[in-house]
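First subunit A sits with subunit B, and in the next complex the same chain sits with subunit C.
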Partner chain A sequence: MHQPPPASCSRSSCCVCARVGVRVSALAPAAAPCPAPSRSLGPRPPEPPSRGTSTLPLAPLGPWCSPTGSPAPLSCETGCGEGSWILVCRLLVPTQVSLLSMEEDIDTRKINNSFLRDHSYATEADIISTVEFNHTGELLATGDKGGRVVIFQREQESKNQVHRRGEYNVYSTFQSHEPEFDYLKSLEIEEKINKIRWLPQQNAAYFLLSTNDKTVKLWKVSERDKRPEGYNLKDEEGRLRDPATITTLRVPVLRPMDLMVEATPRRVFANAHTYHINSISVNSDYETYMSADDLRINLWNFEITNQSFNIVDIKPANMEELTEVITAAEFHPHHCNTFVYSSSKGTIRLCDMRASALCDRHTKFFEEPEDPSNRSFFSEIISSISDVKFSHSGRYIMTRDYLTVKVWDLNMENRPIETYQVHDYLRSKLCSLYENDCIFDKFECVWNGSDSVIMTGSYNNFFRMFDRNTKRDVTLEASRENSKPRAILKPRKVCVGGKRRKDEISVDSLDFSKKILHTAWHPSENIIAVAATNNLYIFQDKVN
Partner chain B sequence: MMLSKGLKRKREEEEEEEEKKEDLEVDAWWLDPGHPAVTQTPPTVASSSLFDLSVLKLHHSLRQSEPDLRHLVLVVNTLRRIQASMAPTVTLPPVPSPPIVPSVADNLLASSDATLSTSIASLLEDLSHIEGLSQAPQPLADEGPPGRPVGATPPSLGALDLLSPATGCLLDDGLEGLFEDIDTSMYDSELWVPASEGLKPGPEDGPGKEGAPELDEAELDYLMDVLVGTQALERPPGPGR
Partner chain C sequence: MFARGLKRKCVDQEEDGEGTLAGFSTIPSYSLQRQSLLDMSLVKLQLCHMLVEPNLCRSVLIANTVRQIQEEMTRDGVGRGAAPQSTGRAPLDRLVSTEILCRTVRGPEAGVPASDLGDGPLPGPPPGLCTADSAEEPRSPHSSLWETDSPRENRGSFHKSLDQIFETLEHKSSSSMEDLFSDMDSSYYDLDTVLTGMMTSVKPGLCDGLEGFPAAAPPPASTCKSDLAELEHVVEILVET
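Then we have the complex of A and B:
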């Protein structure tokens, strides 16, 4: 049942002290670089002009640099221009029954009630809503609209079946969130998984955070391949034995069993968000994480579920004055005191938690001035940032707005250092896209492991990759009709005007219901996961 | 014309809206990329169709049991821009069908965010002063860089001031019917006075609203107390606030 939310502790004085206490412990690791998974810097992009002194020290070189400082060749450094991409496997998020995909079943009745899932067609509940590799790339987690999490595991390399390397198979499936009813507000809370974030592995078990609109949960996924046998008081079926019938004692032994993967919820972080959670981000201290909704960002300790600290609050005293919401937030990969959040007005704020308890005043403010020649009534909507991601090096942030992907240098606030057009041919169609609400679609963006290539989705099941070094880009398609396993993906092209060539597709033929919103890139290899409604495509660079 | 045939409709209601929009879309000359005016100058005058569309979107957004705040804010801001550029003598759109209206109010009143629902309630009340809409076209010059929060909006325009007069029907239908299936103990207080006196605006509108003549001072004070009390629970004042 609904309980009153725990105190937004930043408000009462005793909790301010407690928060300082928490931050003191976070400060200690900040003095020395926080332990973070090693990342390669890859080929360094040309140094942008720096303004003034940097407040953030450069990240240390990763292990993949040779001692002379020049990066060693990496599989992921081949970029998108030199390699070709092949389809490794297409995975359907398993439903209880038939594997019909949404493409065949044009009936788009919204079926949110769980009892109807027993019917033999894929439902809207199977639409994938988030995709995330873990830190080693061994596991790939997806969340769907039905509140389920499906974890895929990479096929182990074996000499006999070399061709199967790179395939991912289902490892675990569990129901993370159920639909809830908020009795106080008479509202149904959607069970759709908005984000999944992995924790770095510290023991044999895997941990991940998954969140819906209101509640974050910490899940532990562990394997069991042995079970005890030979109890004295229980028989093999588990029934209690009458002690009078026991004549001998034996020691129970562990016997191998079929591998079982079990997922258990270890923490539930609830009742801290009035608005819809759009982001979660694990801090590099691995002790805290943040959750962001439309107006507030809260900081949590993994061990404490009944308290969270509010670190950003942009709710105006008078809701009529509300003109801007938070759209995404992320911690810096190495500096556990630093995070960024983006807004619906196309701005990014970088905050330092050491500066003050409430980070309403930013340390840096990133915004590009509006191009007067491109001004329209939709300028603000298309400038709204749908995703923000730090580079692995921590030197750059990437933002995705409706038509472009931008790379920003943390030292330069007045404009991005790179801007990539994702689908500029839509600029003249904004009114239609406003009418059908497509203009509000929230696309995500990802870096590759070496920060040399960035990827994002588009419509018609297209997704785009941009090589930051060669400045080349490619458009690929994730669709069943066009990909046979192991076949090389053919680059696609959208014809914007004039004569349409044979392989091109015209803008008016694009299917706006087929949108690639969620993608993920393996942390160290050229393996990508692309979610298209209820299909998960895994592609691999053929150069491997 | 510009939508692919694979596009799927979300809800049946949009079928009716679609027919209306197709008629209205014709005069969106400024969107035609071939039109010489478009590439050179940004559109300074919106067609009323875009305004209608935005109002419908606002309705749709508010109709949700829990509105998507981002969608709402973006639509409202766009509507502001459009409204600011429209000629003073724009005629208002035809009212959407009444069935939409009670559900809007239902959901608004059920929202537990007291300030949001109160502000929306105040704006519904403001609709009876619909002349306010046509009297304040803003020059585009003071739009300023879009990223910066613009200074105070003109006092006669709240965030959601642009709802069509259709919601005035709410007052005609009477409020009792809306609460049949809701536990009305919460609403039996003076806050929710029946139609004869109209919906009460929130106290924070006080300084800016010139259009609330029938408000009783005592009722305003009572409302103020309740809302301040509610807000105190939610956000006790802290440093820097």
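Then we have the complex of A and C:
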């Protein structure tokens, strides 16, 4: 992607700056120093470029693309596996209030740890609606229902603080989207951030796309550690000086100052979606991206905000015939002409933009024949795909439906090569889940860096990991009560019928209001971010 | 006994599974619970279409479910006893679900300005037709449907009370709506075992279904007089408050 010409952009007044180095997480104490060098999967990527220096663009093919990377072991059910997950830190997205008073309050918070608020204080706006690592894993962005984006930065490694590795601190916070009102349609447009996607880093600044239901924005996040001083017509506070008092001319100079991170909106891509945007995906050519809503997919150039190409349109001429919607879409990680989109009927279509500019006709169509023994009135609802993700290698597609996560080989369209049950015990509860609308929850899924492990969320603050090589799986819980910092997470088990053993939780006592919809996996290390309502948990694989 | 999968297979393989169909349609609890699932879906659609811009994915999935139930009811001869099979899909496609779905999505769509990129002027009725009188319009198709199909007399009166509920809902605040539906919370739990139970190894007996059913709060399709009286009572309270 080309660097947007700065001249054409005016700095918005709504950008908020956060001081670098302010620690907001306070849950990782210095006690119990346990060296936890995270395992790197396969070859390590080049070290993240040091900040402030101009760097080369990342190679389009990341080192994780090799599918031959060593498989990451998972904790087995007894917790004695080769690796176990530990809580690194629990982060709370700072609220508007704490943002304003961050500087003065932060020290006291550090001391008494009271910054971490209870669930009960969380407002609707604080609920995290998306989580995404950048391409190096140095930054982690979250978006919330209040339209805010919070970026966390991984703590710099230091020799005498090995135990601190893997901690993320607030780097920048800004209001990405505001609630709007569409006067023509007389409807409110929520500010909720539906998706965040990072652009590959090309210089010292970071760029990300964030979207709500209707509008995609390109944000630049950059650091500033110098400020100009010694203007002739302004004094130090910026007030104009009386020209009569100016007797000498001086040359303004740049002086070092405290590091500031500022976020500025560089592009606003609006007015192209009639329905709700569910996905955005940056193309591997780094010049274009796509945005998908319920019925259409649009292709944009980063430089052009006033027009987009409509590449898929499944809207029937007569809306009465509508039986299917687009649920997610993503570009192939390496082939810039290829993308997939999933539908509410449980199918995936792969399209090739070389075939025609309008991709209404697919190139490949992935669908699993329905199992007649499992048929019920809810068959279609639970087969609706909530997320689709290409593997880093580009060879596989992962899809998440309500009860399972499936891995498809691009070369085999008639059935998935792997199917993992996420919470099969809910199969007998579908009617109540339909009644309380949980059946429409949109769970997402992620690959680990080497495509050997997949992770997805469930209810009761549980999340699941499946090792594709060993076929082992584990259920972990992201909760404040049950996880102490640096303690090894205990695998959880849901008991299905019969006698409930100690440490097991019965299906009936699952809390369906605590759902883990959004997770992210560090691109090269075993560090995961798990969003549970307004909390963001960072876990790390503790090896040895 | 409740292996719907088996029954479907029969239907798929040979169009006239008369014996099997007749056998299944005589099981009251299954059809009752299917009816209450249908009613629940219709209420959901109704609530959906009150929103200016509903979650399209959700409403499409619910509408498809309604369609599926109605198709099966037609096949079983429960939903539309008099419907001639020869007319095939044509009447099915114009069932309630489609009407409501169409309204659901056309509401915002009708108001789409010409500025919508890549979207020509949209065919469809003028906005006034869609938004005005949201309560009455969609109901007429299914009321006729339900009243003709029902062999029982009290069906009509039940439907009337459902109408009243809808009307009440539309004039109530959202909180009272929630109150109303919170009563139904536990009512569908026993549906789970019947409607999704065929893949579990333990199949619920007929008695289980029947036992569980009267406990359900407002079982919309119940033929039981007392239930109807209770429903009327609820409606009365709602209307009064």
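Simple rule for what comes next: the second predicted complex is superposed on the first by the 436 of 544 C-alpha atoms of A that agree within 3 Å, B and C clash if a C-alpha of one lies under 4 Å from a C-alpha of the other, contacts with A are read in each partner's own complex, and residues count from 1 in each chain.
Everything below uses one rule, namely that contacts are C-beta pairs under 8 Å (C-beta built on N, C-alpha and C of every residue); 3 or more make two chains touch, one makes a residue touch a chain.
It should be emphasised that the depicted structure is a prediction, and the values quoted were computed from it without experimental measurement.
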Contacts of A:N271 with subunit B and subunit C, given as first, second, both or neither: second
Partner chain(s) touched by A:T323 [first = subunit B, second = subunit C, both, neither]: both
Which superposed partner A:R296 touches (first subunit B, second subunit C, both, neither): second
Which superposed partner A:S308 touches (first subunit B, second subunit C, both, neither): second
Partner chain(s) touched by A:G346 [first = subunit B, second = subunit C, both, neither]: first
First (subunit B), second (subunit C), both or neither touched by A:I381: both
Subunit B versus subunit C as contact partner of A:M257, first or second or both or neither: neither
Partner chain(s) touched by A:F512 [first = subunit B, second = subunit C, both, neither]: first
Which superposed partner A:L233 touches (first subunit B, second subunit C, both, neither): neither
Superposed model, subunit A: greater residue contact from subunit B or subunit C: B
Overlap of subunit C and subunit B interfaces on subunit A (superposed complexes): 184-188, 274-276, 294-295, 317-320, 322-325, 327, 344, 372-373, 375-378, 380-381, 384, 428-432, 434-437, 440
Residues of subunit B touching subunit A in the complex: 2-4, 6-8, 10, 21, 25, 28, 31, 33, 42-43, 46, 50, 53, 57, 65-66, 68-71, 73-74, 76-78, 81-82, 85, 110-113, 115-116, 119, 123, 145-147, 149-150, 153, 158-160, 182, 204-205, 231, 235-240
Residues on subunit C engaged by subunit A in the complex (per definition of touch): 4-5, 8-9, 34, 37, 40, 52-53, 55-58, 60-61, 63-65, 68-69, 93, 98-99, 101-102, 105-106, 108-109, 111-113, 115-119, 123-124, 184-185, 188-189, 191-193, 195-200
Subunit B-touching residues of subunit A, taken from the complex the two chains share: 8, 10-12, 108, 184-188, 274-276, 294-295, 317-325, 327, 344-347, 356-358, 360, 367, 369-370, 372-373, 375-381, 383-384, 428-432, 434-437, 440, 508-514
Complex interface listing, subunit A residues touching subunit C: 184-188, 271-272, 274-276, 294-296, 298, 307-308, 310, 313, 317-320, 322-325, 327, 344, 372-378, 380-381, 384, 427-432, 434-437, 440
